[in-house]
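Next come two complexes built around chain A: one with chain B, the other with chain C.
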Partner chain A sequence: MIAADIVYLRPETAEEAVAAWTRHDGARYLAGGTEITTAARRGAAAHDLRAVIDIKRIPEASIHEICGDCFRLGAALNLSDIIDGEAFPLLNAVLRGIADHTVRNRLSLGGNLAGLLPYREAVLPLLLADASVLTLAPGKGEAPPVRSERRLRDVFDKRLLLAPGELVLSFCIPLDAPEWPWSHRRKTRTSAVDYPLVTTAAVRDADHRIRFALAGAHPFPFRSDAVDAALSEQGPDALPAVLETLGPLRDDSRASADYRAHLLRTMIRAALEELA
Partner chain B sequence: MTRPSHLGTSPVRTDAPAKVTGTLRYTDDLVRPGTLHAAILASPHAHAQIQSIHTAAAAAAPGVRAVFTGADWPGILIGLYLGDKPPLARGNVRHHGEPVAVVVADDEAAARHALPLLHVAYAPLPALGSPREALAPGAPVLHPGMNAYARIPDILPEPGTNIANRTRIRKGDTEQAFAGADAVVEGEFSFPPGDHVALEPRVVIAEYGPDGRLEIDSSTQSPFEVRNLLARALGLPERRITVRAAPIGGGFGGKAGIMNEPLAALLAMRFPGRPVRLANTREADMLSSPGRPGLQARVRLAARADGTLLGAEIEFLFDSGGYADYAVNVSRAAAISCTGPYNIPNVHADSLCVYTNHPFATAFRGFGHIELSYATERAMDLLADRLRMDPADLRAKNLIRQGDLTPTGAPMDDNTGDLPACLAKVRERLRWDSAPHRRVMPDGTIRAKGISCFWKAPAIPTFTDAGAVLFFAEDGSATLSTGVIEIGQGAHDGLRMLIAEALKTDLDRVRVTRRVDTDLSPHDWATAASRSLFMAGRAALDAVADALDQIKQTAAVPLACAPENLDVAGGRVFLRDEPSRFLPLEKVVLGYVYPNGNSIGGPVIGRGRYITPDLSSIDPETGAGKPWLEWTLGAEGVEVEINPADGAIRVLTAACTMDVGKVVHPALARGQVVGAMGMGIGYALTEGFVFDARQTVRNGSLRDYKIQRYGEDPDYIVDFVETPQADGPFGLRGLGEQGIVGMPGCLAQAVSLAIGRPVTELPMTPECIWRKSREAAP
Partner chain C sequence: MKTLAGTVELILLVNGEERRAVVRPGDTLLRVLREKLGLTGAKCGCENGDCGACTVLLDGRPVKSCMVLAVECDDLAVTTIEGLRDHPVQQAFAEENGFQCGFCTPGQILNAAALLESHPDPDDDADREWMQANLCRCTGYEGIRNALANARRRQKPPRPPRQG
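Presenting the complex of A and B:
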């Protein structure tokens, strides 16, 4: 039970949504709602939950189509819908690792990337594919809202870097990315339906270079050019240097840092073999 | 007139339509108009002094009627066997999640909304994280007032320490046995406390009437025990208390002991005429209400070179958490059965229930036996390794048989099940003797098998009772009323089959009342200890016999014969020698009416009763006595697959064979055993609380506490052996819990074999297996 009165708004356009955010102090955008409702139930929301703006009725946030040399996925799409679309095998593999089928029917793509949980595994394939992200941010003062499409890697550093009230509408993925050989591995403490101790995703791109990203090992997802270069050029020999680059790993009630490091080594080696 | 027996058939359970359509009414579906709602504030600390609680802001919140703290009921202590628990913490909190204050409001939202407005100042105290820490010299004594606590005579606390109970077993001469042994092994084994994770969180609705009567609706396994507990805790006589129990969504022992009834009753007494509802959130169900105990065990075994067991020295330290509840009797039950199902002539055992600063513990499926079995089975494996014997052969050599003496010195009687047959069947199912126990597969994974034996006897009062009343409707059908709660186990369906069998009638002419009400239902100890079909079954058969006598008495007059010449079958009462002279039951069960309107007889009401015969308490110094009623014996085995690279584990096959005397409903029986085995796999591989250094629980929600899921199941193979239990209805004995008991033992054996290192701790998560496999070989 959420023991609070909450304003619920369901705009039809992105502009209405952003305008609503400007009008309602403390409002949050809502798609699947799993994180907002569970946090509110525990009384653990980052700030008082006063208003939610449901973006599921906004057509451009539920888009699922090819436009030019990329395909576009709406931020409000639920994970099951994306999996059923079969557009991007690596993305599907990653999404299938998240929660269970029933919960994936609720979880949204944008929510997984922009949520407070530190895993954000859905971002891994998008970072590897060098996708872009389309957002709408409130304008300054009386100015109209600002629409911008940016390279995801430029606005994702540990988390999605958004301005206050900035609404994520969709992601655009280059059409050739799904063609690349890929690898996905995921390890949990016990049950497969759990947060990852380590998730790795990797591709061999059109230039035969390795692109590598991981989640779970740190309190944030991670991809870096330095790691990609080391793995592309030295293969498994780069492991000590890569682990050095990755720095201290998480140590929590699910697993020790030691075990995560061991898993990570095993998983990177396996990914490289798979892509060799 | 011969008819096929109902026993051994698997009719669809009577509650299936309601359960699969979501229309079964559980306790929380009974909310009445005018109900007030309570919400609990739980301690974030495992051990702390409460310095102050500021309630004014919460009390002033919209919709709030009142806020209460421990100071509101300064004299009240609650406990089934040992009265050690205040309804809300007083002075100190003793575990993470302990209720410290409660808000009562017009609706649940208002009550929960007010919780953050309560301000509690705590001074944290050093927290005890294990029984051994709690027994160490200088450890803080968590219950300094223990001396004054009310208790039953069978529980032996040691005031001035953290020992809530010590049960001793002294059988034979262990010193001599160990001195003369060819092999002695010793091991320490442990696991943390955890939760039952029943699907339905606990809920209670209490109302105190202007007539001074207390009415309770609760998701309880033991309404009569609740009435008794409330009477003692609140000083109200039983005649002023009614407890009603709807079917519950899983109990597993967690709904047998202290729950929220006393607190809800106290709240209701502050608002006469208003029902007060106290419903646990999942998190409160895991931390504020009791879970299952943890264990630290030390087992030494002495044997001859050929594997014959000579002696055992056993120490069980049960982690009871902040309060004792049923855990005191769990520790006692574990002592009574401490050796597992093996004939050991010399036994020295101390089984202790120890207070720590963990969430408090109560009964859990297996009641002491899953815990003791894990420890003794691990020790048996150490012995098999030492003697280089096949672990199944070592067990086979020492299996307990009729005439052998149990740890309490009483002999296994004529009803002893055929454990050798159970073990042989599991060996066959696992291809134990025809395929290697450990194989490295082409992909590098390792497959390994493990095997264990188990026993379980109900740990019950010597005067455990069951009542049954059988009455009839106009259509001649029979209704059975008992005190047995439907907790998912299907006992009502089993009872229905027993009645139909005894009345020689169709199943659809018998029903069992679903709700239990202490004002309407005959007395019954509790729905626990795998005893319902046995004891309530005995009472039900007694009620059938009584009803048949009355039917024959009435029918004999119009049929112009002696009652003893009549028989009842197929919905008729008829002359045994001349079945064409009969009356349909509907013309008899409410009295017989002559054509002219004269009538005789009156409603038939069958009365049945049962009480455990010949049980005794055990001697406090030696444990000698006969506290057990019947033993269910069995064997279990598994094959697991382990990836040595990261410790990942999968259970491929799990087999169980147990001697249940008589299988009444094969599908339900299999369901109980498979459910128990699955729970045992979770117990051994994934479950258990994770604590930080201050003993707060890190995984107190289902986000983090992982139980088995559908899809993670192995291939289950369940077989039954039927050696009749002479005093059981139609020869049956209990089977509800037993399938869990041997699982941790055989899983630990399989994992140990796979990695070549003896596992000593649960749960065996992949990380633990990986870490263990990197230790130096023994």
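Presenting the complex of A and C:
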């Protein structure tokens, strides 16, 4: 329950949604709503929430189809619908690890990437596939809203770097990416339905190079060209250097940094064997 | 653009009936079902999307009603445990004692009913994956597993008569 008196808005187009955001102070976009409803109840976030803009009826935010040389996934699609679509095996594997299936029936792709939780595991396959992201941002002053399609890696640094009011509409994934050999591993503390201690995702791309990304070990998802190059060129021998590049790992009540480092060594080695 | 503010009269299709309730846009479906419509089958457990006690079906798909705003549901069919009448899964839970205190049972049954609808053929992976969404604080999982197996047996078509 959201205790504050809020306004609920349900636009039919992206332009209406962005216009609504500019008209309502304290407005947030809502697709699945799994984070907004629970965070607001706890008072953990959204204390300034005054309006929610439900983007599920915007057709281009619910798109799920091939467009030219990529396939496009709407940001408002729930994770279950993407899994059922079976378009991208690595993405499916990663999404199946997130929450449980009743939550995945609501949780949206855009919400997983743009949410407050640090894991944002859905971004891993998108970063590995070198996907792009289509957004619509409010224009300055009276100017019309600005639509832009950018490489996801250019706008994702620990989190999605969005301008105030910028609405994520969809992600575009190159058609060849789902064909690449892939590996996915996810370790939780006890039960399968839990936040990850470490999640790893890796592919061997069309040039036979390893691309590697992880979540859970830091307070943000991680991918770097240096790690990709080291793993591609040196294989498991690169592990000490890779761990060095990853920097300090999370150390909390769920797992020590040492244990996460152990998991990473094991999981990276297994991924490399799988992709050999 | 649909805009709702203050208190609004909402029409919901619940268990096949049109129901009206005065709600605030911030009210969750769980609270509206329980406090405005008197449907207390969906239980208020963690209200954090973890326990599954509040599970209902939206257009046949199980969701946690504590994480859904009621105003989002004005064109969706809501099914609560009150809407299942002598469903094979209910019969199986009763037969196998698939409950102890009963708090989680409505959510377990709705999730299992949707599971059998979605995966009519036996599928251990789907059974495990789907039923992970509901926690039983009494840890009565053995009975719940037996109930699901019982429901699957009930669902199987009868064997054809032997020839000759």
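We take it that the second predicted complex is superposed on the first by the 273 of 276 C-alpha atoms of A that agree within 3 Å, B and C clash if a C-alpha of one lies under 4 Å from a C-alpha of the other, contacts with A are read in each partner's own complex, and residues count from 1 in each chain.
The rule is simple: a contact is a pair of C-beta atoms (placed from the backbone, for glycine too) under 8 Å apart; a residue touches a chain by one contact, two chains touch by 3 or more.
Every value quoted in this text rests on a predicted model; they were computed, and no experiment measured them.
*Asks:* With both complexes superposed on chain A, which partner does A:Thr37 reach: first (chain B), second (chain C), both or neither?
*Replies:* Only chain C; A:Thr37 stays clear of chain B.
*Asks:* Return first, second, both or neither, reflecting whether A:Ile58 touches chain B, chain C, both chains, or no partner chain.
*Replies:* In the superposition, A:Ile58 contacts neither chain B nor chain C.
*Asks:* Which partner does A:Val193 contact after superposing on A: first (chain B), second (chain C), both, neither?
*Replies:* In the superposed model, A:Val193 contacts both chain B and chain C.
*Asks:* Please work out whether A:His262 is in contact with chain B alone, chain C alone, both, or neither, and reply first, second, both or neither.
*Replies:* A:His262: touches chain B, not chain C.
*Asks:* Scan A:Thr102 for contacts with chain B and chain C and give back first, second, both or neither.
*Replies:* Only chain C is touched by A:Thr102; chain B is not.
*Asks:* Going by the contact rule stated at the top, is it chain B or chain C that touches a larger number of residues on chain A?
*Replies:* C
*Asks:* Taking the superposition as given, does A:Ser80 touch the first partner, chain B, the second, chain C, both, or neither?
*Replies:* Second partner only, chain C.
*Asks:* Return first, second, both or neither, reflecting whether A:Leu9 touches chain B, chain C, both chains, or no partner chain.
*Replies:* A:Leu9: touches chain C, not chain B.
*Asks:* By the touch definition at the top of the document, which applies to A:Ser253: first (chain B), second (chain C), both, or neither?
*Replies:* Touch partner of A:Ser253: chain B, not chain C.
*Asks:* Regarding the shared-chain residue A:Ala27, is it in contact with chain B (first), chain C (second), both, or neither?
*Replies:* So A:Ala27 meets neither chain B nor chain C here.
*Asks:* For chain A, which residues belong to both interfaces, chain B and chain C?
*Replies:* 1-4, 38, 42, 100, 191-193
*Asks:* Report the residues of chain A in contact with chain C in the complex, numbered from low to high.
*Replies:* 1-12, 16, 20, 30, 32-34, 37-38, 40-42, 52, 54, 56, 80, 96, 99-103, 105-106, 191-193
*Asks:* Along chain A, where are the residues that touch chain B in the complex?
*Replies:* The touching residues are 1-4, 38, 42-43, 100, 187, 189-194, 252-256, 259, 262-263, 266.
*Asks:* Sort out for me which residues of chain B touch chain A in the complex.
*Replies:* Where chain B meets chain A, its residues are 108-113, 115-116, 283, 645-646, 648, 685-686, 690, 692, 698-699, 703-704, 706, 708-709, 712, 763, 765-767, 770-771.
*Asks:* State the interface residues of chain C toward chain A in the complex, per the touch definition above.
*Replies:* The touching residues are 1-6, 24-28, 31, 47-49, 52, 55, 58, 61-64, 66-69, 71-72, 111, 129-130, 132-133.
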